[in-house]
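Got a structure for you, written out below as structure tokens; questions coming shortly.
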Amino acid sequence: MQELAKIYGDTLLLDKKFNYCPGCGHGVVTRLVAEAIEELGIRQRTVSVVGIGCGGFSHHYMDIDAIEAMHGRSPAVAIGYKTASPDKIVYTYQGDGDCSAIGLAELLHGANRGLPVTCFMINNNLFGMTGGQMSPATLENQVTATTPKGRDVHVHGYPLRVPEMMADMVGAKYVAREAVCDAKSIRKAAKSVRNALQCQIQGLGFSFVEFIVPCPTGLKLSVPDAYKWSREKMVEYFKPQVFKNEVGQNNEN
Amino acid sequence: MQELAKIYGDTLLLDKKFNYCPGCGHGVVTRLVAEAIEELGIRQRTVSVVGIGCGGFSHHYMDIDAIEAMHGRSPAVAIGYKTASPDKIVYTYQGDGDCSAIGLAELLHGANRGLPVTCFMINNNLFGMTGGQMSPATLENQVTATTPKGRDVHVHGYPLRVPEMMADMVGAKYVAREAVCDAKSIRKAAKSVRNALQCQIQGLGFSFVEFIVPCPTGLKLSVPDAYKWSREKMVEYFKPQVFKNEVGQNNEN
Amino acid sequence: MKSETLFLKNTQTFAEAMVRCGVRYHFAYPITPATEVMKHTAVILPEYGGRMVQMESELAVANALAGCACTGTLGATSTSGPGMALMQESISFMAAGELPCIMLDAMRVGPGDGDIVGAQSNYFQATRGGGHGDYRVIVLAPASGQEIVDLMPDAVKLAYTYRTPVLFVIDGVTCTMTESAIFPEAHDYAAGFDTSSWAYTGTADHEKRFLLTGSYTHSQGEEMNERLRAKFERIKEKEQRWESIQTEDAEVVLVGFGIHGRMGQDLVANMRAQGKKVGLIRPITLWPFPDKAFEQLPESLKSVLVVEMNHGQMLDDVRLAVNGRVPVHFLGKTGGDMPLCTLADMTAQINTLL
Amino acid sequence: MKSETLFLKNTQTFAEAMVRCGVRYHFAYPITPATEVMKHTAVILPEYGGRMVQMESELAVANALAGCACTGTLGATSTSGPGMALMQESISFMAAGELPCIMLDAMRVGPGDGDIVGAQSNYFQATRGGGHGDYRVIVLAPASGQEIVDLMPDAVKLAYTYRTPVLFVIDGVTCTMTESAIFPEAHDYAAGFDTSSWAYTGTADHEKRFLLTGSYTHSQGEEMNERLRAKFERIKEKEQRWESIQTEDAEVVLVGFGIHGRMGQDLVANMRAQGKKVGLIRPITLWPFPDKAFEQLPESLKSVLVVEMNHGQMLDDVRLAVNGRVPVHFLGKTGGDMPLCTLADMTAQINTLL
Amino acid sequence: MKEKNKKHVICAERCKSCGLCVEACPKDTLAIGKHLNSQGYNVVEQVAPENCVLCGLCRIVCPDVAIGVVPLD
Amino acid sequence: MKEKNKKHVICAERCKSCGLCVEACPKDTLAIGKHLNSQGYNVVEQVAPENCVLCGLCRIVCPDVAIGVVPLD
Amino acid sequence: MRTKCTFSGSGGQGSALLAKLVCQGAIKQGLKVVMTQTYGIEQRGGDSTGYVIVSDNFIGNPLVENDADISVALSPSIYDGCVDGAVEGGIVLVNSSLITEMREREGVKQVPISASDMAVELGSVKCANIVMLGAALAATNMLEFETVEQVLRETLGAKKPALLEMNLNALERGRTVYASAAE
Amino acid sequence: MRTKCTFSGSGGQGSALLAKLVCQGAIKQGLKVVMTQTYGIEQRGGDSTGYVIVSDNFIGNPLVENDADISVALSPSIYDGCVDGAVEGGIVLVNSSLITEMREREGVKQVPISASDMAVELGSVKCANIVMLGAALAATNMLEFETVEQVLRETLGAKKPALLEMNLNALERGRTVYASAAE
């Protein structure tokens, strides 16, 4: 740990073990966010507004201030915060349920408002914390705790694609979907995290990144199978792509 | 009145005078909806779920059952209704504030769910009933009761385009934006009203029509000026178009 | 479904009971510890021709429930405190619109998002409401799986007789307890009620109807309020439910609902065995609060002890019912690994009062 | 801003008062009769370097307000009953997270969406809350434009001293009344409080901080609740406010808040002029309820009359305070063209009690 | 080109004097009149009924269902 | 092709035995070992350290920040 | 001294302005004043009433609860309410140009004034409210006539000097006409 | 008669199953039974405890409030809680394969049983909980031994006959070993 700490710097608090399940995709995204904060040198002026869900723990592993908002309301909290303190860097860290089920209005209105805040949506395609229920991102016919015969799209609709809904919004300046399912996709995701925060630092406007991550526990799959499933099924429907990038900055590595 | 009643049939209750302001676009849309119900022969099995706003009065002028939902929640009410009574025809009649400010989540999730219900959004680009405040559809720099110096897009975002957000939703089968600003656009709008209800009658899925209408009172303009303003300014930003039409039916006139 | 005895978690018992009594549509959004209810109805409702519909939020849930009720059909929901907070708007709407439905608050610790362990801190929320205006809903507080089963037919009847939401409040400890309950033969109690005089089912067989809770003329608003006021008075008069145990000669009466009421049964037995004159009043309806239970308190009574899994909420209602006749004491806690007072705590406290 | 006398609608007075006392961010969503407040702040806040931010809903409003408070900055909102219902979740959150802010409920008739005429039917919502868990917020009930101005500095101080939302409840009749108020020189009372010990402003000058109201260990939940319980007790002890008029020898005491309390002033004067021994208690804080006002009720007292613009809500608190010593009567109505009892109604009722 | 079996009607009680039909009429047959209805509005009237072609445009644009072309009986 | 000044490290206490690094390693140098850490997980270990090319892929994929390549000091 | 006033009319007749002018006059004279209004959903026009209480001490009860000392009825639709809303011994000023049928109420003095006609004579039907204001001042002595003149000057003077002239005349006309109309 | 039981272990040790089997046995014998569980956020594994009360009459208080008559401690992490949670005169069955350090508590009888080792011998460490069940039955007489055998047969018999055999052996082993272990 001490040794690893060298490469991570001050943001990541390695003395706190992640209490995510083994293999949980939140672990990777949490690390990527911490790395970007460290690299961008914004740790001391960054505040995380986390959602209710497994990702709510993410801030415990970083040396930054944090606010655990009510379920789904992080974007509104972030807007209130940023209004009063425009010099701070504010990002939300929300699950797909938090962000796109109960919190859809706050997210989309937040995006449309265009204040420079950043929303990260960690899409593990179900409600992890509450025990693996269907979320808006659950795939057609997927069995979950609340869809014992699989998601019936005639009752519960098709899986909801979120960044696609921001395409038309002028105030949204960086919008991307990334996957966190193998080394290559993780490297790409790291870039989007930086871009999204950079977008805020430059005061351009709203930024958003969705991450496709596996929740082995909720999927009731072994860790490798959960990753395989996400790589194959999830990424097919939720295509990773950068929808919008108005960040002037040139971003290497 | 008696004489006019001949051409309108049973749905429109002409003995009740509209209590919209002179020139209000709600009057036209209300009539179009009544005409479509009459033509499609669904009066006795149609239920209107109206929003809170000036359009909340729309059902008073029709011989149909109605539910005045809480502000913004009509789509959720309609879904509960349709779930329990799938043979009924259920449409919501909501203002732009009701539908796209406070009620955005219920609308979009409703659309995505894809149950065959119909939502009509009457976009007069402000909150009419409460006295002309900014709505999500208020144009850049437009002066309203709550934007005394005009809508500042850096604080309140750019005007929100709603049907555009449904483009990607499989469950939404008829999606259109119409204008109600002159005879020609009204004729086109009439077609969309029929198509949207037809979409529901055929059980295809969710249908949605936005209507660009003038609110002379809220705009503080004379009636002709309000229509002119809507034709010019509103229609420029909110382009009327049929985004999606999966209604199998051939629709003449 | 024939009569049978099932050993279930009480959340599952709730699901079974409501479906067997006629609920066909269950609208819900996951939240611990209420989620088990929707997991269970997702499995069993299709067998009854019904459906569990997971909505995108509790706001949507409560409004879909209202829409379902408008058709005259019995719907239900289940949630916990944070979800209840989001349903207040629609509960006020349903109360105003006189729409029947069944709701469950599987109470967990607050405030804020709170913890998933049990609590009774939503007593005010349930009985006084956080919605808009003057309104009440009937609140039932069963203390065991069997009582959930036994109260369900009543709940449906109350919902339709008075055209009102009926809210079950069950603390998270009781909700997550597993025990046996005897289910009588399934019976659709809702079907016994004729809703054709009010349901909004289209004008084929009735004159135009509409449900308004606003935008009426001022006088209509007053009429609605007076109609509701009269109905609430009627419910208060006729529907108070409680269990009294050995209050006739008691020196101390324990008052507790849900799990504390249930523990009180043991407490009275234990203390009576020691010759101590202790009685119990266990409110079963929280609204209407069983004021009548307090009407004939005995001369022997020295004090009343209210025990709650919160910081003192039903306490107000007990004090209102006792109205200064004897001192009313309070014992309560919430949060922590043991979010409730133990029997030992209660016993110790009562001993100081005897 | 210098001291000046302004003749304003009381909603505008509220806007002026809060801005002159330090509110810099006003988050709101239109609703009659509260909308005037945001219309006014939209004009004046920019002059103070602040901003009125119209949000997409009351849910967003209340959560933005929480976010603003997290920075230590004083924010405010204004709404009416239906909007209050939607804010319950976040109010519980702010109470749990100990976040200061100023709120206004310009009370209108309910239930459901209700009518835009005035009411006092959100007393329970304000004092008992509809949010999740055991919590309270300070509730102030001014009875005139001048009292709005006079209470505002206190409101800001209370919000920061106790780190809590402070909620003004003003019935729609009083809100839409136009009258003069003397404004003292503007002063930013919020600026006088050091928030650096708790605000979530980044780790540049403090150790990592985080605001949790859930997902804590069970014991943290209990600690939070015990901390809040102690704080609420402190507030109850120290912050009760009320106005008593000629209660010392009264045979009947009238209790009313807001407009009814104000009318009571005339009533007492009129009846005393007729030699009738009538007094008035006008609660100014609704939570904490001024129990102390009822402690030394005179021997002469025969009964208490509670008058509200609702169906009896503060009535509970008055009965709890009187605790059975004398009968407590109630007079109240809501809705209609005249949504409140007139002075004539009140006088007639009191005459039957003398 | 008047169509047979049809006639032009105005429902004075419903008219709110908004003038939209006046603007829409291709034949300039309509104008706001002097007569006040019970709602207090100056009712629109046909000032040149002979020019009316029964095209129905006035009906289409009227937000108050106060005007139109109806069958002769 | 080992880079100089760098070494491969495993933080046994953080490892949750998920196996993702094992899968990701291009050189098959990693395997789940027998040692249990205090969290009760079998810690991953380098079974063929000599083959490690210090490419850092294991670090990238590890969800628990339990493994990686660090400067020699 | 406390005077309760009711100013009622239909949309556009300026009853709210009337109420406001009285308020401003009262403030000028250092009196206490409270104004309440019937208020409705924005879009509906229709009748409106402004209630004003002028007093030399704190006004507890801000309601005019059918005890108006002076009531101005500008249009027929609100006439009944004005008559019922007057106190025993109160005065109702009736715009007899529009209100053609009056009904008796014992103990209430009704004074017909053809305010709209006079206003047309004076230049615009819009100043009928000011005619009534002049009459109301004459009927009650609740304010100095000059104070209200001053208020008119301040509010209209700068922006619309032509209007001011007409309104001052209307005010005066109301005052002088009251005496004769009231016999 | 009323017996309060606590079954504790770490994730995967099957303490909840243990509790459930006791419940099923009780139901079979027509007894009243209530089970409560410590419950947490789904994702966290960790320790878990099942509390069971078996009684021949209605169970008012469903809590085992530090008054367990019989307590099974499967892993070291929950050992302390088991000892503290026993009633005066209660019995704690200690899985001595994993719990190597015991601490004295007066009035509580602690019985070490190397359940995990025995389970390994019997075929799988997973049946350590069943060994303990056998011992618990021997220690308390709260249920007939045969009833629980029957429950095992019904729950495992159909699906997993091989497992059944092992578990029946484990149950028996627990019973016989209890006598000697308890001296």
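So that you can tell them apart, the chains are marked A, B, C, D, E, F, G and H in the order they are listed, and the count of residues begins at 1 in each.
Everything that follows uses one rule, which is that contacts are C-beta pairs under 8 Å (C-beta built on N, C-alpha and C of every residue); 3 or more make two chains touch, one makes a residue touch a chain.
Just so we're clear, the structure is a prediction, and the values are computed from it rather than from any experiment.
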item: Mutual neighbours - chains that touch subunit C and subunit E alike; value: B
item: Of all other chains, the one whose Cα centre sits farthest from subunit F; value: G
item: Remotest chain, subunit A as reference, centres from CA atoms; value: G
item: Length of the line joining the C-alpha centres of subunit F and subunit H, rounded to whole Å; value: 39
item: Length of the line joining the C-alpha centres of subunit A and subunit G, rounded to whole Å; value: 64
item: Inter-chain centre distance, subunit D versus subunit E - centres from mean C-alpha coordinates, in Å; value: 54
item: Interface hub residues of subunit A, defined as touching at least two other chains; value: 20-21, 24, 52, 68, 70, 101-102, 104-105, 109, 130-131, 136, 155-156
item: Residues of subunit D engaged with two or more neighbouring chains; value: 32, 51, 53, 56-57, 59, 82, 89, 93, 97, 112-113, 117, 213-215, 337
item: Multi-partner residues of subunit E (each touching 2 or more other chains); value: none
item: Subunit H partner contacts - residues on subunit C that touch it in the complex; value: 5, 7, 32-33, 116-117, 173-174, 176-180, 259, 262-267, 269, 337-338, 340, 342-344
item: Complex interface listing, subunit B residues touching subunit C; value: 43-47, 49, 52, 56-57, 59-60, 62-70, 73, 76-85, 88, 105-106, 109
item: Complex contacts: residues of subunit G adjacent to subunit D; value: 23-24, 27, 32-42, 58-63, 65-66
item: Residues of subunit F that touch subunit A when the two form their complex; value: 9, 11, 13-14, 16-20, 23-24, 39, 41, 57, 60-68, 70-71
item: Sites on subunit D touched by subunit B in the complex; value: 29-32, 35, 38-39, 42-43, 46, 51-54, 56-58, 82, 112-113
